[in-house]
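Below, chain A partners chain B and then partners chain C, in two separate complexes.
On to the complex of A and B.
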């Protein structure tokens, strides 16, 4: 067992003295990753009850998900309809949050430190205000403009949450970018807009792409705002799931969860892929 | 002549400068517009509503209720208790793990980081649902414990405090790890070498050098976790099974069930003030970029 006496740090701690830390850390990592994954085998269970490991396998819960009737008496449209609403809202959120957030980041990164110091805290306020307050505030606001249960209301609400994330991502990309390149282009006669699109944008494009993906995910996973400002035929999948979860443990949710895990980790993988290519 | 030219030039430049600043400010207008209409106005309105009594006149009754009614006091106590315990669990599990990660090579730390980011990006509802499945009476955890002979009767994990804590700690852990990791990575390893050189044992070097240097990151993480917990809604609603009522849930039921905007707003204002106060302290400790992690 000589490997236990190997030094594992610069202060000459031997592996055996630190073994507990390794075991503990791996255990915590295990606890972080594995619990969400149990829903995957569960979703293929043939039984009405959620037993683990499943005694029989079937695709009945996927059937229930993909081909559910629209009349389930739960106050929202069918699962597939809710999924499409979520996807629609998330895609639209990309188109609202990313350009607005990018523009603001560009403006902010070129302004003086004083302006930045005032505007930045205001701009990230959607992250700081408790989301339940944002949700009931929006609910009240949308009631006045008859925007409750509308796609527009949902997109605006989700964009509000996604914009600060876009802002932070693009700001940090611009921090590593030399703005003088744009000045060169402009001194050669390019307009500011042209300089941005031809010089700056190509160099920060990976950050913009990851901002898009994160906007999508933020909207797609959002529960509280959806709970208040969506309803009826425009329920999102998260709202439908939450309402179903409060009442009973429907195994269909395991199937939906599996699909959501695949979507999230797929997008996460993409962001990591793009994120690693330093702009 | 030359002098005048210079002067004119200066004025033109100044003018251009002003125009430039104006354009740059213009770019932030759509963003600020949305913030103004969707955050400042609605939250301001809630603030106003919190001072409107049941009969429609100005009054402090919504705030008075919070200090006089037992049910409200209990909600505050529950909210603080759950938030505090979740934060504590996150610290006990997260600190050693983050320390471990900060000692690894960048490559291995990156691999561990994926393990932290996967749950971070998995839908909150999915994770809550997974815990509901795992912890229920006939769930995996009870089954294993019975099979191994630890217990003879299934333990009730869900629809009580323990289930809520387990679920919330799982969801909050990445929020502690991300700022703490950034902090620990930045600690100069030479400080530890110097301590060892001066005769400190590894344990002593850790406690007198490394730990104090990691306190800003730890505090930031703890405050973030605590603040998010204060406003938590989904997980306690599902895993608490109606027995754990936190502030956000009360706000929601005040509106959905009782249409009592005044009561909901007052509770919201208190939640907001506490949150802002804690975030202000946190922002004095670390930069905001670190708080957000890479999310």
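On to the complex of A and C.
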């Protein structure tokens, strides 16, 4: 067992002194990931019901997902239709939340500490308020404007939640950016807008891309606002899943979840790749 | 001095931040083709004034004219001025060539025109052949040159520089000071240069505007500013000096109990400061004419390379409790005995070098 006496840090800490920490960390990582992964084997089950571990294997639940019909009697369109709604809303959310969040971040980073201190908490308040309150508020608000069950309403709702994340990501990128460069560009003859697009934007582009992916994910994974303000043909996949779970426990949910996990973790991975690049 | 560069007229420019006056009624004429330095300590308002010229700061009131054109409300990108910032602020996503070519691109120049002017600018700043380098591969001095090339590539008539050399080490800084001055002389530009380094200002400028507390304290050639500072702040800020409290009573000047001679004796009664430049003092033998003699004890004698610094405590009976600094060149005074600590000594200051400030 001599390897236990190996040094594991710059100081004189040996492996056996640190072992508990490594085991603890692995356990934490395990607990973080496993609940999401449990659905994957369940999705390949041949059984009628959600079971773990599955006794037989089949792809029938994937078939049920990809080739579902709309007469499911559950108050939403078919699974694929709901998936497309989710994707459409998520993509539109990118185009609303990212520009607004970026502009807000730019404004904040160019304002005095006092103004920033007042505006920043207001701008990130959708993150601080329980999301169900936001959802209820949105519902009553949208009723006034006949926007319940509309794509527009959903996109606005999701953008509300995604915008603070964009703001935080872009703000931190701008914190490491030397605003003097924009001043230089302006002194050299660029208008402020042009200076932003030609000098600032190329240098924070990876953060902007991260912000886009995070906006997409925020909308795609969102369920509470969707429950309140989407419905019928404009149900999102998360809403459809939630309703389906309430009525019947069906391994289709596991198959959908598996697909969603792949999409989400793929995007998250992309975010990490872009986030790692130095802006 | 070329005469076809734009002159700058600054009139009554005031800028406040709350109760704080960053600039207070500053009026200043920068002549065409002149190299003018705004000199002052940090927080004095010199950079604010430069930003007013660049268009980044709008004064509360006052006028700024380039030639005959009022520019106070003109946005920075339409002012057509070259500007070099303190931290270079090169664009890291562009290489050297693209950095320098950027202002030309903004001016809608053709590719060949851009290329030509970039090559010319690179050769002016002695960076020929480095056009394809990335910005991160450059040394501090090279970055400075690129920033400079970028600011002059479109041949602006006005060049503004905000402490451009402050990040360089001393030796490189002194080389660049001379090079910048030569560059100014060879191009047709009116240059406004901001620094807190009095030696840099003395080295480079045609004229120096000393700024403190948002006000223009003195404007003049380096020689005038150095030999004739008009107040204690400038005497202290520019060059080394000992400032000793002196009194004027009916046209006679007293330092402690002793009467001294001064170069411009027409001062009203009151309290003043006698300005003594350490290098103007000399070891006296008592026979000099028109010379103030100060006797005292050497408190410290410090070797500083090119000179020996002496701290002399004056004879309290005659001059009161005060000390002054004296600098003896270490060059050709072979055979001259260097005073040592504790030694009694008598030093002289010519009447023409003795002056009072308020």
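Please note the rule applied: the second predicted complex is superposed on the first by the 261 of 279 C-alpha atoms of A that agree within 3 Å, B and C clash if a C-alpha of one lies under 4 Å from a C-alpha of the other, contacts with A are read in each partner's own complex, and residues count from 1 in each chain.
Quick note on the criterion: a contact is a pair of C-beta atoms (placed from the backbone, for glycine too) under 8 Å apart; a residue touches a chain by one contact, two chains touch by 3 or more.
Note that the structure is a prediction, hence the values are computed from the model and not measured.
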Fit-or-clash call for chain B and chain C when the two complexes are aligned on chain A: clash
Chain B versus chain C as contact partner of A:242, first or second or both or neither: first
Touched partner set for A:199, first chain B, second chain C, both or neither: second
Per-residue contact with chain A, leading partner among chain C and chain B: B
Which of chain B and chain C A:16 touches, first, second, both or neither: neither
Touching partner for A:55 - first (chain B), second (chain C), both, neither: neither
Contacts of A:186 with chain B and chain C, given as first, second, both or neither: second
Against chain B, colliding segment of chain C, chosen among 41-49, 59-67 or 131-139: 59-67
Overlapping contact positions on chain A, where the chain C interface meets the chain B interface: 192
Interface residues, chain C side, partner chain A - complex: 54-56, 75-83, 85, 87, 89-93, 102-103, 106-107, 150-151, 154, 160
Footprint of chain B on chain A - complex, ascending: 8-13, 17, 21-22, 24-25, 28-29, 31-33, 35-39, 42, 49-52, 100-101, 103-104, 106-108, 110-112, 115, 119-134, 136-141, 156-157, 159-160, 163-165, 167-168, 172, 192, 214, 217, 220-221, 223-224, 227-228, 238, 241-242, 245-246, 249, 253-254, 257, 260-261, 264-265, 267-268, 272, 275
In the complex, chain B residues that touch chain A: 21, 23-28, 30-32, 34-35, 37-39, 41-43, 45-46, 93-94, 96-97, 99-101, 103, 112, 114-119, 121-134, 136, 138-140, 143, 170, 173-174, 189, 192-193, 195-196, 202, 205, 230-231, 233-234, 237-238, 248, 251-252, 255, 261, 264, 268, 271-272, 275-276, 279, 288-289, 292, 294-295
Of all residues in chain A, those that touch chain C in their complex: 178, 180-181, 183-192, 194-195, 199, 202-203
